[in-house]
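Letters A, B, C, D and E mark the chains as written, and numbering starts fresh at 1 in each.
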Amino acid sequence: MTVPESKAAVTDRGAHLEGAKDAVLRCDELIAGYLPGVNILNGSDLYVKEGELIGIIGPNGAGKSTLLKAMFGLVTIRSGTVLLKGEDITNMKAHSLVSRGVGYVPQTNNVFPSLTIEENLEMGAFQVPGKFKERFEFVSELFPALKERRKQRAGSLSGGERQMVAMARALMTEPSVLLLDEPSAGLSPKLQDLVFIQAQQINKAGVTVIMVEQNARRCLQICHRGYVLDQGRNAYTGTGKQLARDPKVIELYLGTLAKA
Amino acid sequence: GGGGDTATQTSQSAAPSSSAPAAASKGDGVLTLGTLLPQTGSLAFLGPPEIAGVSLAVKEINEAGGVLSKPVTKIDTDSGDTTTNIASQSVDKLIAQKADAIIGAASSSVSESVIDKITGAGVIQFSPANTSDKFSTINDRGLYFRTSPPDKLQGRVLGDLIVSDGNDTVGILAMQDSYGTGLADQVTKTVTDGGAQVVERVDYDPKAPDFSADVAKIKAKNPKGIVLIGFEETAKVIAELVKQGLPADEHKWYMVDGNTSNTNYVKMPKGTLTGVKGTIPGAAAPDDFQKKLKEIDPKLADFSYAPESYDAANLLALAAESAKSDASADIAAKLAEVSKGGEKCKSFKECADLLKAGKDIDYDGVSGPVEFNEVGDPAVATIGIYQYGDSNKYATKALEYRTGNIAG
Amino acid sequence: MNGAKIAVTTESGQPVKEVTTNAQGTWDVPVDKPGKYKVTLDVSTLPQNAEVRGGNNVRTPTVYKGNCSSVLFALQPKGAPGQEQQQDSGGQTSMWEQAAQLAFEGLNLGLIIALAALGLSLIYGTTGLTNFSHGELVTLGAILAYAFNVGIGLHLIPAGIIAVIVAGVLGYLQDRLFWGWLRKRGTGIIAMMIISIGLALVLRYAFLIFFGGQTEAYAQYVAQPGIQLGPISAAPKNLVAMGIELAVLIVVGIALLRTRTGKAARAVADNPALAASSGINVDRVIRIVWTMGGAIAALAGVMLGLSQTLKYTMGQDILLLIFAGVTLGGLGTAFGALVGSLVVGLFIQVSTLWVPPELKNVGALAVLIIVLLVRPQGILGRRERIG
Amino acid sequence: MDWITIISTTLKSAVGVETVLYGVAAIGLNVHFGYTGLLNFGQAAFMGVAGYGLAVTVTVMGLPFWVGIGVGLVAAVLLALLMGIPTLHLRADYLAIVTIAGAEIVRLIFRSVAFKDVFGGSDGQRGFSNGFYAINPFEHFFTARQYGFNLGPVPLFFSPRQTWVIFVGWVLIALACGVVFLLMRSPWGRVLKAIREDEDAVRSLGKSVFSYKMQSLVLGGVIGSLGGFIYGLAYASVQPDVFGTETTFYMYTMVILGGAARVFGPVIGSMLFWVLLVLVYGVLAEAVGAGYITFMDVNQVGALRWILVGLGLILLLIFRPQGIFGDKREIAIDAR
Amino acid sequence: MHAETPAEATTTERKTAALAAFKDLAHEPGVPKPDPILVVDNVVRRFGGLTAVEVGHLEIQRGSITALIGPNGAGKTTFFNQLTGFDTADSGSWTFNGRAMNGVPAHKVARAGMVRTFQLTKALSRLTVLENMRLGAQRQLGESFWRALLPFLWSRQEVQITMQAYDLLTRFKLDAKLDDFAGSLSGGQRKLLEMARALMVRPELVMLDEPMAGVNPALTQSLLGHVKDLREQGMTVLFVEHDMDMVRDISDWVIVMAQGAVIAEGPPGTIMSDERVVDAYLGAHHDAPLSESDLESQLHEAEEALEAEIEEETQK
């Protein structure tokens, strides 16, 4: 097989340092893990500029979710730094990040099962209770199913419905940086579209978005830049387009199914 | 001692059958008393007076020159209660430290759980508080004794008192353990024989958070006389009786040695206990003795079983003195002898002097005349009947004393 | 009763003596030997209008050496209604009155359990900790109030209030210094459960050292006489206490459901990581819960001490009932704890209509088992969805 | 201070009767809780019915010792079925309260006045151990008056009766550990462990969760009942309050101290627990007795012992939350 | 492309057989199949006022791969729960292989050969990945209490099971995680384990609830080959999935659910152009597979937007 020209770059620190100069959020050489002695992240670098939409893709178990959790203070960082608008937020508690305008949608366990949908969303607006009404109207427009069921306990919702609640919960605060961990998983195609469009629109409205996706092709379609993570390290970086066309990336991470 | 064998017999038979650590049966010249009393657990409130009783006795003994011319040593251990199972460990410790006799335990069930171990090691077990009738028949190699209040006699005296006060209907609230049920059985029998009727008997769990249902059962039968058998939880029962409208001025209350207290009810409104009668074993008003105990342990508030513990230590010391040996078997053989049949004496010093003079003695203790029968139980006792006044304290002068053979 | 003839014989029928009662209706027979005797009242010598209650005019007392033995013939007016009705008249209570009284007592006990259970449920809910030292927090409240009341001499009401506040502060400190630190270290909940057993031991025996093993009562409201309310006799202190308990329970319950902090507490209970992601300060919420839990447990202790007495094991003794209440109502729901505890309290008391009081907990526990068989998720609990 | 006694009693307690009887019952609990995830808070009741089964058969019915053992075992199995059939469908935390309740009911019935003729009320029953000591080889076969050795100046001796109980106890522990070891590395044990993690997943793979839980409950109950026998035989008596919830709590402590779901965890846990208990008390009591500690009197020593034991437990679990044998990785997974 | 498995080439007979079976069927809900393995009648499940499932008649063809699609909350998972005994239906009956299965407890359903996976994964956290897999095997001798005590009775079977597990794990790219606790797997890895474990049962009918949600596309692709392989081995596959590429690629027949009821059935091509399905489910963008040019233009848009923004920024 002949390899066509590849524009996606294998990660190189120089480029990272260059690009990260005026980043809103940047991670440098993060090392983190769950079990003592086992590092899941082995020095990942990442930066995102104001108003950018970043996609992170990679195989299962690569550490994508761990990277987001580490940035968000849910996994202890063993070494490396995270800077938010120049402020060192390494290992800062999640709730203080929320007050600094960071929002996060986890991949699993992303709703409060014993709270009703409405209460779930209320928790989303915990730090800005005054805005609850307004934001609630906003997310109910996105996901009309939620408004109908506002009194239903989230624990009894279907997988997709939970995903909607999770997404809506994060949108309650109008964050300036939004971390999304597989927001489209489990959603019907129609809603997947909606999620991607929404992510794009939120982004257009000035929110910086970092999105982990297994729906990699679509993610790369809409993102400005993408990272491919493998075994806790950045394997490739580049613009979405570069990555989506890179044969190596295609073979290892994207598959050919959708094109077939 | 039980199983029908006398103490003397056992002193010979004990040695071969039990292969205890050698030291315990040989004697080392120093009388070592171990206590196995509740420092913790559900009977923890009984521990301090009992321990103080033993301490007082040991102090007096040593002031009087000790036993076999050596001071008596005392080792205190915790018996806990049955839920914690630590008594057995304490016994191990005492045996390892060559105790000649172990004073304890307070609870019949704890005693049951360790009697095999103690007597199996050839050591005397001497309980100041066990009332379960099982110990009379238990196979104890002749090494088990007790000075505990004789509930048969007390029950009889109390029952008779109730009948002669003209209570034709009687309700009994008894704590549910061998002390409570034993006394309640005896009271029931005497009262029924005397022609009155026990209309309700409630055995309650002393650990229960409240006793309202128990009292409600009594209330439903509205008896003239109410017998309260138990320990300090009686305060709760009394509060409940007052609350549910069964006060002492309308119903006659009777109490027993476990709960006839001068400290437990003082916070109640004046007159709550006016006229209430209680029975306490022992021929003397407990005042003086209590004062001496307070010198040992100023924090003492309750004095249950202190006299019995005190007597137990004294008797053991006297028996050792009389046997001229501190070996468990020798002491056991003499215990019955020093308790009866001879010149009466009331304190260790007095008795020891008599012994030195070569006289036969009969120790009469604070808890009563204590005369051991062949199974190591007290055979004779004196019961004093006391009455409460307006201040919720009983007059230290008894209304009357009744002395009798426990067996009848 | 003057002039009634009484014959005393030995057990085998040998006559000993016959006597006639004196003006007070008493008599005396000296006997020379201990043993069983037979005492017969000659019914024909009784006044016209009297008879022996129960009809039996023979008594067989046993006389022991050196003791006298009393015999009693209770008389009643002749032609008085039979034995059965006798029982009902004369101040005795009917089954229904008894049931009403017991139900009242059940509520009284149930509300105290509910208070303690609420604290336990809150802490379990937010931290997942099965806190076996909760009983000791109840005792702590009671003993603190005792210290202020008897030790310092304050009236019980201010003493109780101060005790609750102090216990709240101690609850806060407990989390701040101990449990929070453990959570930060990543100690698992099973390990924490055992740690709570250890803590229970430490606290309980510290109480034993400082408070002693005996039972005590507060300086006020001891043995307060009851007032009659219909079929129920209740001490005024019980009524006031029940009012306070109910008010606290309802206020806290509603606060949990309605207030922001309450909802946050439930959110933390569900998923602490997600709660943090939503901007909730998880540690702060847990600390509030511990403060509340400690204070409410202390209140339960004060109320228990007021209604009963104080002892260093008082909390431990009701711990099982607290757990029963919490589970019966449905784990982690505040109102569940209330309902469950009331059911437990009621059944403990009311079941004594049928079972002996020594087994009253058996009745309540059996009900608990039966309820859980019918509703495995507890009375107010909800089933989780599968899949 | 009498260090020799302290060391001797402590060392003896490490292998003594209490260690054995709690250890074996804790092995049973480990089957329930450690391996199957059944929060059984009624393990003491299994000991109780076994002890009482033996006691009542021998003393009340006058049947031979071995029949008593049989009755005790059957009683334990029956209790397992009785507790299990209704409760094994419940969620774990509910199972806990139901087993506590069941065990309390059993205990309260044992100690009730109503059944005093059968169970002996609060003092329990005694006089059923003769059959056991009649076959004591240490008394009848060998002639030594005590068994053990001197460790330097420290004597470590047991009487023939104790030796017999301890010997039988450790044989039973070895057997129980052997059975658990074999079972837990078999597919049968795998199903139990899977049930601990997620019942629904196990169901979806075609295993009858109820049946396995029941087997586990019976097995652990029967092993627990051995502890009841040892108790009854060692003390030649049974008392109802021994078989209370507290006993179960201590067994949990042992299981977790040693490491849950580890074959030897409960045994080591039990040793540790009793050594802690005895050592602390020995040192304290001697220190107070010898006047080294003056700020407290003898009445408080018992209490202080428990305080220190409690502290010991706390510290052990803080610094080794997985227990002695436990796997740190497992703990990391279920930490919230 | 090269990624297609060799199985495709050699064993297409089953596929053709399945396709043949579906060829002449009417494209309407509840249509009878020539050789149904599962027949469902009038299954209803309500939660309070909400009717989550109300399926009139439905048949699943033996030896086929059938997809079950529908909007979120349509009742697909609930439907699975009813069929597999994890929840009790309010009414209805269904037969599996001619055997009535309503009221049968979950483990018996699985033993009868009908195995399901869970949408929200149920990893047995403190068991290793390998143990998770071994657990799935059926008729294990060592699962009986008494035989478990005698290892020689079951150790050989254990070896076989382990081989089988290795095999599957390698395919599912979990072989490196063999001895790790399942609780430490990532979200996607759990999905994979869930499916692999179900396959250990060697069921006749395997019901997968969103098996590929969260799984890396490259891996999905290689797993699809495996799913097709299952059909070749004679298994029937019923799966719920929102990934239309996958549905299109492997399913022989598609069933559409909405608001608890089956609203359409048919071959993938037809169904995906069905107007109602597009309306309720697929949405506008999904009417056709993304072509190279589509991709191109979308990327273009994105790039332009980005450039515009950067420009904006620089202007500021």
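Note that contacts are C-beta pairs under 8 Å (C-beta built on N, C-alpha and C of every residue); 3 or more make two chains touch, one makes a residue touch a chain.
Every value quoted in this text rests on a predicted model; they were computed, and no experiment measured them.
Participant: When you check each chain against chain A and chain D, which touch both of them?
Facilitator: Touches both chain A and chain D: C, E.
Participant: Going by CA means, which chain is nearest the middle of everything shown?
Facilitator: D
Participant: Centre to centre, using CA atoms, which chain is the farthest one from chain A?
Facilitator: Most distant chain from chain A: B.
Participant: Using mean C-alpha positions as chain centres, tell me how far chain B is from chain D in Å, no decimals.
Facilitator: The answer is 33 Å.
Participant: When the centre of a chain is set as the mean of its C-alpha atoms, what distance in Å lies between chain A and chain C?
Facilitator: About 56 Å, centre to centre.
Participant: For chain A and chain E, what's the span in angstrom between their mean Cα positions?
Facilitator: 26
Participant: Between chain D and chain E, what's the gap in Å when you average each chain's C-alpha atoms?
Facilitator: That gives a centre separation of 48 Å.
Participant: Identify all positions of chain C at which a residue touches two or more other chains, and write them in rising order.
Facilitator: 205, 208, 356, 358, 361, 386
Participant: Among all residues of chain D, which ones touch two or more of the remaining chains?
Facilitator: As it turns out, chain D has residues touching two or more other chains at 108, 112-113, 200, 300, 303, 305-306, 329, 332, 334.
Participant: Two-or-more-chain contact residues of chain E, please, as numbers and ranges.
Facilitator: 77-78, 86, 118-120, 184 - these are the residues of chain E that touch more than one other chain.
Participant: Quick one: in the complex, what on chain B touches chain D?
Facilitator: Touch residues, chain B against chain D: 18-22, 38-40, 44, 47-48, 51, 75-78, 80-86, 88-90, 92-93, 96-97, 108-110, 112-117, 120-121, 132, 134, 138-139, 176-178, 181, 203, 205, 297.
Participant: So in the complex, the part of chain E that touches chain A is made up of which residues?
Facilitator: 1, 3, 47, 69-74, 76-78, 119-120, 173, 177, 184-189, 191-192, 210, 213-222, 224, 242-246, 249, 280-286, 289-290, 292, 295, 298-299, 302-303, 305-306, 309, 313
Participant: Would you mind writing out the residues of chain D in touch with chain C in their complex?
Facilitator: Listed in rising order, the residues of chain D that touch chain C are 86-87, 89-91, 93-94, 96-98, 100-102, 104-105, 108-109, 112-114, 200, 245, 249, 252-253, 256-257, 260, 296, 300, 303-307, 309-314, 317-318, 321-322, 331-332, 334-336.
Participant: For the complex, give me every residue of chain A touching chain C.
Facilitator: 72-74, 93-95, 98-99, 104, 106, 109-115, 119, 122-124, 126-127, 129, 153, 155-156, 169, 173
Participant: Taking the complex as given, what residues does chain A use to touch chain E?
Facilitator: The contact residues of chain A facing chain E are 34-35, 50-51, 57-63, 65, 107-108, 145, 156-161, 163-164, 182, 185-194, 204, 214-217, 221-224, 239-241, 244, 251-260.
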